[in-house]
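Look for chain A in each of the two complexes below; its partner is chain B in the first and chain C in the second.
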Partner chain A sequence: MTTASANRLTPYLFLAPALIVLAVALLYPICYMIYASFLDWNPSQRIGEADWVGLRNYANLLGDGAFRESLWVTIKFAAIVVTAEMVLGVGLALLLDRNIRGMSVLRTLFILPMMIAPIVVGLMWRYMYHPTVGIFNRTLDNLGLPTVPWLSDGNWAFASIIIADIWQWTPFIFILSLAALQSLPQSAIEASKIDGASGWQTILYIKLPLMAPVLIVTCLLRLIDAFKVLEVILVLTNGGPGLSTEILSLRIARTASEFRELGVAAAMSNFLLILLMVLTIAMYLYNKAAEMRAARIRAAAEETS
Partner chain B sequence: MPEIKLDGLRKDYGAVSVIENLNLSMEDGEFTVLVGPSGCGKSTTLRMIAGLENVTAGRIEIDGRDVSKLDPKERDLAMVFQDYALYPHMNVAKNMSFALRLARYSKAEINKRVTEVAEILDLSAHLNRKPAELSGGQRQRVAMGRALVRDAGTFLFDEPLSNLDAKLRGQMRAELALMSQRINKNMIYVTHDQVEAMTLGDRIVVMKAGQIMQAGTPEELYRKPANVFVAGFIGSPPMNFLIAELRDEAGTVRLEGSGFSIPIPAERAASLTQHTGRTVTVGIRPSGFTESDAANATEMPVLLSEYVGAQSVLISELGGARVTIEVNSVAPVRSGEVRKFQIEREELHLFDPKTEAAL
Partner chain C sequence: MTKHMKLTFAAAVVASLGAPALADGHIPAPYQPYAGTTLVVNFPAHPHYNAAIKVLPEFTKQTGIEVEVDQLQYLKMRERQTLELTKREGDYDLISYVVFSKADYVFADQLENLARFFMNPKLADPNYDSADLIDGYVENIGLAGGEKGYLPGPTASLYGIPFGSETSVLGYRKDIFEKHGLEVPTTYDELLDLACRIPELEPEMGGLASRAASGHQASHAFLLHLNPLGGGIFDDSWEPIVNNETGVEAANALKTIVDCGIEGSQTFGPSEAAAAFAQGDYAMFLDSIAFAATFEDPSKSQVVGQVGWALHPEGVKRASQTGGFGIGIPKNAQNKEAAFLLMQWLTSKEADLMIAMEGGNPSRFSTYENAELNAKYPYAATFGEALKYADPDWRPIIPTWGKINADLGTTLSQIITEGLDVQEGLNGVAERSRAIMDDAGYYTWN
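And then the complex of A and B:
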């Protein structure tokens, strides 16, 4: 081998370990799952023994009322929590983006919920939602107000899991928004003050538009996470009452463990994966196109000036 | 057009005082340049006038009105920032019209003003572009345009040319000078570049460590620097400083230094008699040396000759001290030669070595 070709290969040599880990840890399970989704497979069989059923699992999904219900619950859940968390998180960041005494302590406190294990969050909220000894109903009772069936009524249970999720994940949006805010070009904000913008106008016309790229990515990350949420809801309601809080990942878990249909569960997972992939790729392509356009025009401008 | 007055202005950051007791007034339609080395408080002063920094103590008056507690938007100013501070998400037209849109001007009026200013600044073809799609010089002009469409009473410039390359900086400096003649507004301009200060300013304020060292016209600062700092800061190449003793020899006041002895002209000598017998700092501009064959001319070795076009800058030695000499390039001087120079007596600047103030 010549020195030149050895030199060319060096980077790939160094990248190889990471590539192998990635292939084993990421690609293998995904391929395995895609393959499994074409099988009629129950956990007592080895994968080789399962029958090949082609696209039947996918076709059945569309006709499955329970699956459609849980897809709808998931979309509703994701839309509501992500919207609420974005509004609250960005709002808090705008409020706390200033240098006052004790702010760093406050910021740390704000992100605590995110650091608690989801199972613990679920348990904690289950105790708080408890119909008789939970803090919410006790407080309502003490104030002489009617108590609320937090987890035993379908609509309330849906609201309850939303509240818990907002509590846990607003900090995520808060810290990313705060970081985005603090890295904004200060002089542009100062220029807007000189141009006569009020505080609100600065937020509306300068800060938010400039934060948009970060906010879009943050929103996407949260959306992906919200579509996959499991533990907190598992502990809080286990999908009930009825199917009122049965989000997709819970449905997938039950299909695999309770109904023992690994092929169907794999098909559901793939469906979710494709849904999120389409979202991500569309976003990526949009960003890439915008960047390339800007770079091209700038290059032209530098040449002619 | 307003008159701006700074009265006992002070700025502290925590326990550190950046500016103490600054007093300055700027006349109607005057182009004032604040100049000084970095950290001298010139930008802080400008930002206090703009309302971007709080004033610790003192007053800022615009047209007799105390504005030191007002928001920037209530001060009737426009500002050009060092990094241009364009709004990256708005195109050129939107950038320039932002202030007008906030002030709810009519669409027609906004259009008229933006088109007019874009015409002046040669930006008409780029109105739909975003700042990221513009070259450095174009961005600079947009920043200028944004200030111009405002038609504000006072224009503030915070080192607006320092991010441009040398050639573009020269061009923009000339355009800025033309623009300031045309619009005839109050302008306050901050720079660390004394050439910019000298060429643009009606009046220059030299600052150091939060204090005004001297304020005056470019010519005053060059001809009669008030202290060693201003003398060394204004003029390029910078002034040479030598140590000498002021002697009174039979009615003639002379400067005796190591390697030189210069009689002081009689009209200056009168005011210097009280200082005779003392050591003084002598400032001589590089152009204050002239080649001469006269008997009393000093022989000086040329250590280095730098050819810069019409002029050459020589590095030489006088009594053990390095001096810079500027000569005409017509008769080239080579490094290593020894030449005879005479010091122009009119070009002498004398300073007290302790207080550094001019004598």
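And then the complex of A and C:
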């Protein structure tokens, strides 16, 4: 081997360990799951004993009313919670982006909900939603208002899991938005003030656009999480009443353990994976387009000046 | 792993220390070859098994065989076993399994056929008296390979022994019934009438506490009514009949019961239903005998001494639940003979009584007739009577049941909470069940 070719190989040699780790830790499980989704595999069998059924699992899923229902519930859930959390979290960050005494304590308090283990969050809310002794219905009762069937009516149960999720995850968006806000270039904000921009105008035209890259990543992270949320709903409603709160990850868990259809569960997981990948790529493309547009405007501005 | 090695080591130390004393005849001959062995068993977190764990030291004392218990919530236990049983060499020597796991484990050839142990003169106790075991339970939990594959019949054989099995009974508040001069219901008409009359007589009180939560729980509650009313999930050729007139009647019965319950009863599981009854929120409770001891425990119940028991009311016939747990030996167990000895000991007359006295569910008729037990738990006689009507064909114990059960349960929840039409809902279940059964090959011979 010549020195030149050895030199050419050196970078790959250094990359190799990372590649191997990536292949073992990431690619192998994903390929395993994709392979499993083509099998009629029940958990009493070893994977080698399972029958190959081709695309049957996927075809069956498309015709399965319960799966479609749970897909719809998941999309509805993710859209509502992420929108609400983004509005609330960014709003809170804009409100609290100032020097208040005891701010660090306040900030720690705000992020408490997301530090609590999901199972505990589920249990806590289940007691608060309790039809007779829960805090909500007791308060309503004391005020002379009619009580609410929080977890025992389909629509209310869906609202209940949304409220619990917003409570738990708004702080996540709040803390990231606040960090983004505090790292904004002060010069731009000062310039806007000198130009006579009002508070709203500063937020709309300066702060939010500058925060956009962070907000998009935050939104994406929350969206991915919202699609996979399991524990809180498992404890709160276990998918019921009916299928009203049976989100996809819960359906996957039930398919694997209750219905004992590992192949179908793997197919569902792949479905979820594809859905999330499409979302991620869409977000990424949007981000890229926005960046390019900004670059074009900048270039144009530089030319004219 | 380390935990196991440590325990085995501890057992070895105990065995070597105890060996001289044991050798001079303290241990009966059949157990001697296995003295010092450590068995690993998998039990559910369940009142019966808590009672059984209390008597295990007595087994070790009598036989020199150590027992290590791995106790899990019962649905978690099933998941764990599913993984454990597919291994080449399993960690468990004896497992407890939920009745509907019988289908999966036997079908996958993961449980030992018990015949070869009962045929072995060195292992089988001639005084075991298998005729004393409650037949409904043995047929339901132990036998496989007979009629319809999961029922007794000339081709059936034994894969497990009932241990922690249960049936359904009606609990009622003696004080409330006396106050309003009510009769204990013996038929379904009386039961349903009372279930809705009680909230009128006693405001704030529900009629009959029942499971209803979406999925398995709602389906279980429906089966409680479907069987006595004379219905079934399938006919003899596996065609779904869940949507016939009787099915609709049973679903309506469930809906009536939940509608006449307290707020939030639409999401009750068995423990919530039992807790509500124990808190005095209900006048009646129709579910497993396993909860009876809880109602007499002052730390958990406000109705101690007020609960009377009666047979599960009659529809067109008496058919109370068969369910709960059995114990079996995994095919991949490492100490099968010793595990059989433990299994035989736990279900012997002596141990069955000991466990029952600790609050467990007996597996033997003779235990229910025992005077001592009846003195401690006055309801034992009623429960013994209820067992005569325990229906071994209470639910189809077939591998596809998990999926059908879940679908039936979610549909029933939609009927209860979202006002889905009963007939329309059950028609949907029947249609989907037929597709599932067709897929699994149940119509191959038609």
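Assume the second predicted complex is superposed on the first by the 260 of 305 C-alpha atoms of A that agree within 3 Å, B and C clash if a C-alpha of one lies under 4 Å from a C-alpha of the other, contacts with A are read in each partner's own complex, and residues count from 1 in each chain.
The rule we apply is simple: a contact is a pair of C-beta atoms (placed from the backbone, for glycine too) under 8 Å apart; a residue touches a chain by one contact, two chains touch by 3 or more.
Not measured: the values here are computed from a predicted model.
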| item | value |
| --- | --- |
| First, second, both or neither for A:D195, with chain B first and chain C second | first |
| Touching partner for A:P149 - first (chain B), second (chain C), both, neither | second |
| Chain B versus chain C as contact partner of A:N238, first or second or both or neither | second |
| Touched partner set for A:S187, first chain B, second chain C, both or neither | first |
| First, second, both or neither for A:A212, with chain B first and chain C second | first |
| Contacts of A:D165 with chain B and chain C, given as first, second, both or neither | neither |
| Partner chain in contact with A:E85 - chain B first, chain C second, else both or neither | neither |
| Shared chain A surface residues [contacts with chain B and with chain C] | none |
| Interfacial residue positions of chain A with respect to chain B in the complex | 185, 187-188, 190-198, 201, 205-206, 209-210, 212, 294, 297-298, 301-302, 304-305 |
| List of chain C residues in touch with chain A within their complex | 75, 78-79, 82-83, 85-86, 104-105, 107-108, 110, 213-216, 262-267, 399, 402-403, 405-407, 410-411, 413-414, 416-418, 420 |
| Touch list for chain B against partner chain A, complex | 50-52, 71-73, 77-79, 81-89, 98-99, 102-103, 126, 129-130, 132-135, 137-138, 146, 150 |
| In the complex with chain C, residue positions of chain A that touch it | 42-46, 66, 130-132, 147, 149, 151-154, 237-244, 246, 254, 257-261 |
